[in-house]
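Okay, structure first, notes after.
Naming follows writing order (A, B, C and D), and every chain is counted from residue 1.
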Amino acid sequence: MYVLAINFKTYKTSYGSRAVSIAREADLIAREYGGLVRMILLPPATEIVRVANAVSYSSVFAQHVDPVDEGAYTGHITAEMVKEAGAVGVMINHSERRVRLDEISFILGKARKLGLETLVCADTPEVAAAVSVLNPSMLAIEPPELIGTGIPVSKAKPEVVTDTVSKVRELNKEVTILTGAGITTGDDVAAAIRLGTQGVLVASAVMKAQDPAKVIKEMAESITKTTT
Amino acid sequence: MYVLAINFKTYKTSYGSRAVSIAREADLIAREYGGLVRMILLPPATEIVRVANAVSYSSVFAQHVDPVDEGAYTGHITAEMVKEAGAVGVMINHSERRVRLDEISFILGKARKLGLETLVCADTPEVAAAVSVLNPSMLAIEPPELIGTGIPVSKAKPEVVTDTVSKVRELNKEVTILTGAGITTGDDVAAAIRLGTQGVLVASAVMKAQDPAKVIKEMAESITKTTT
Amino acid sequence: MYVLAINFKTYKTSYGSRAVSIAREADLIAREYGGLVRMILLPPATEIVRVANAVSYSSVFAQHVDPVDEGAYTGHITAEMVKEAGAVGVMINHSERRVRLDEISFILGKARKLGLETLVCADTPEVAAAVSVLNPSMLAIEPPELIGTGIPVSKAKPEVVTDTVSKVRELNKEVTILTGAGITTGDDVAAAIRLGTQGVLVASAVMKAQDPAKVIKEMAESITKTTT
Amino acid sequence: MYVLAINFKTYKTSYGSRAVSIAREADLIAREYGGLVRMILLPPATEIVRVANAVSYSSVFAQHVDPVDEGAYTGHITAEMVKEAGAVGVMINHSERRVRLDEISFILGKARKLGLETLVCADTPEVAAAVSVLNPSMLAIEPPELIGTGIPVSKAKPEVVTDTVSKVRELNKEVTILTGAGITTGDDVAAAIRLGTQGVLVASAVMKAQDPAKVIKEMAESITKTTT
């Protein structure tokens, strides 16, 4: 099953009723394409509860968790908390929220114990390879210079994606590899899959769209056509 | 009105149904002592929605917000988000989550525009004085070495509290000053008030208590007796 | 005596023989304008020893020190070390190397004990005012958006400078106030002084100049003309 | 050739004439054991110039470099700078100065271009394995909880060392593996080598010794005996 992961980030549409509404629309599409497309929604920490309550066919992941256990850590977000709030997975190391290598390892170990899935972002094929050794459930290759540009990595730097696939597959046969950065259209999604990855990580293309549902549907449709 | 602020931190009791249950108990006490004690509850980001929905007589503050506006800031918590989730204020610069001076200033300015109250923690009288120049609604003096020890700053280092009061009052007549670190009993609360502060910031004494409601009630009672 | 502070940053000219050569040229000008202009040179940590050995009429300051004491702090730069290497002062909180408020306070206290002068950067009049309460020897007002632009704050935002002077002087009569960000010519230096500050903090205008000595001399000359 | 790497950290002996004196003593021992022991000295940034000038048979490495190129990076230490100051290599990611995964990758790439050797620290076998994929010249396994304790990892947790060797060797045949944390005596050094690593990374055992030369000599002697 191919992945369509939507990072809500912290846009004006990322929280409150607009966020819940986008989540609901995405969830309807997830139902429609169930079995072919796996929809992953990544709301901000404050919205995990509401988004998780609003969806049935999508998986909710946190955008980030801090590398700490329960205890005296004012202002931190733990893996336990996001799980309790309704998340079934955590993303870490997005280019807008990098973490240290030892922290990646710590969080992956912890998420595994809690039964949470994991998605780790990487900026280069080399970093993706290093990450793959730590056995996350998924990794996303995202050259930071393309994030939010609308220029898809699959077009601008396809070799970054193919290099990632070949370097990672030498070390890890199982990790799901996603393409991120600049993914805007169904064509970009198709290209990402043809380059050998198992889905996409998108953000602004959906969250800043006039009609988010239309964009999500186009992407889901493209996954379906490309993979069946 | 004197303040009883409860920092939930990230303990086992800080999230999920246990957090909501402590919030409800605190809220009943807030109702009972209304007009005399202002109850401020600081749940973790993921629980603001649930805690805010559960209470009527208490104010909900975030434990931290990040110094960013809306936009592409994966994994961050903005002031807009915590407001939308139900918070009426934000705490920043707790010793477990310090921020930079320019970030304190940025967040205070932003919170003001959004109509959020602000509470800034300080580790020394000098830092408290510097903070007071930036006009937060409240500040808390908390020597980090006493946090979580059960040794109240009002007993172990009363001069830190009185120094803070005198240094801050020279610069800022209006800011509410709270005493934090090691506050465990009603007596500690009374001492904090007698030293010239307008309330307390507590955490483990409530969150790790066998019977949180009993501790909260004792503290509220002590505020009432000391100030009337 | 008015201050001409040159932040070497980490340019190609900032280290090795080019750095020593710029330092020597600045020092000759310091000798020429002695009594009227105080020359402060801020080389990177690795070059403090060589720059301090190369000059006689200038003061060497570190660009940054870490908020730690002696001990097990691999990769850190302590105030003790920069003093031993030949620095007589430390700058902290530059916009390219911000530190937390509690760390500013810690470093100022420590520098004072070691007999080092201190220069703290601030991005706004409010932050400058807060800093002034902590009693550094000097502070520099530098709106980050103008740093390195060649657009002097004294021209683009003179009210930032005058606001800083008035807010700081209410709280602290003694701290030396410098103007930074975009200072490029002798005229910019003159404007900074006329706005009520006691000198300038410059970087790219000198370090990236074809003829650094010419720029330094023009600035020193401008200080002399404006202040006598 | 087996490695004896001495991390000067930021102790009272780590800078100034005491640092140079320890470096000279180490260098004499490096001469004596030349061909059998490779001596690597890691002084703080401010002392690289003086230590590099003082030694002839040892390699000088920086304790840390920042992940930036030349430019406007006030207060940062670049790889170019430490090279110019006399270092032939850089250590990064020590437990007291962790860096992010993307930064490790960036610094390794940059150091390679500049012809600098690299030493990356890791806290667990898993992290060491991930690091080894990025092809540093050397890596050091150092469980942080043992650093500075005098309890050698080779005795307290030998399985951490052997696990590291087996995990790393599956992925990288060439990287030099060092054992760190708690190495205090010649016996500890011998144990580290017998567990399959190619040397040790030490700090307090030398820097806080009454007679540093004696400790260094005992360690060099132990390497020689164990490996010939």
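Of note:
Note that in this section contacts are C-beta pairs under 8 Å (C-beta built on N, C-alpha and C of every residue); 3 or more make two chains touch, one makes a residue touch a chain.
Source: prediction; values computed, not measured.
Comparing the centres of all chains, each the average of its CA atoms, the largest separation from chain A belongs to C.
Interface chain C/chain D: over half of the residue numbers present appear on both copies, so the contact uses mostly the same residues.
Between the CA-based centres of chain B and chain D the separation comes to 44 Å, rounded to the whole angstrom. Computed centre separation for the pair chain A/chain D is 37 angstrom, with centres defined by C-alpha atoms. In chain B, the residues touching two or more other chains are 95. Viewed as a network of touching protein chains, the structure reduces to one closed ring of chains, two contacts apiece. Every pair of chains meeting the touch criterion is listed here: A-B, A-D, B-C, C-D. Taken together, the chain C residues at the contact with chain D in this complex read 7, 9-12, 14-16, 44-50, 63-64, 68, 70-78, 80-82, 84-85, 91, 94-97, 147-148, 203-204. Here chain A touches chain D in the complex through residues 93, 95, 98-105, 109, 122-124, 126-127, 129-131, 133-134, 171, going by the rule given at the top.
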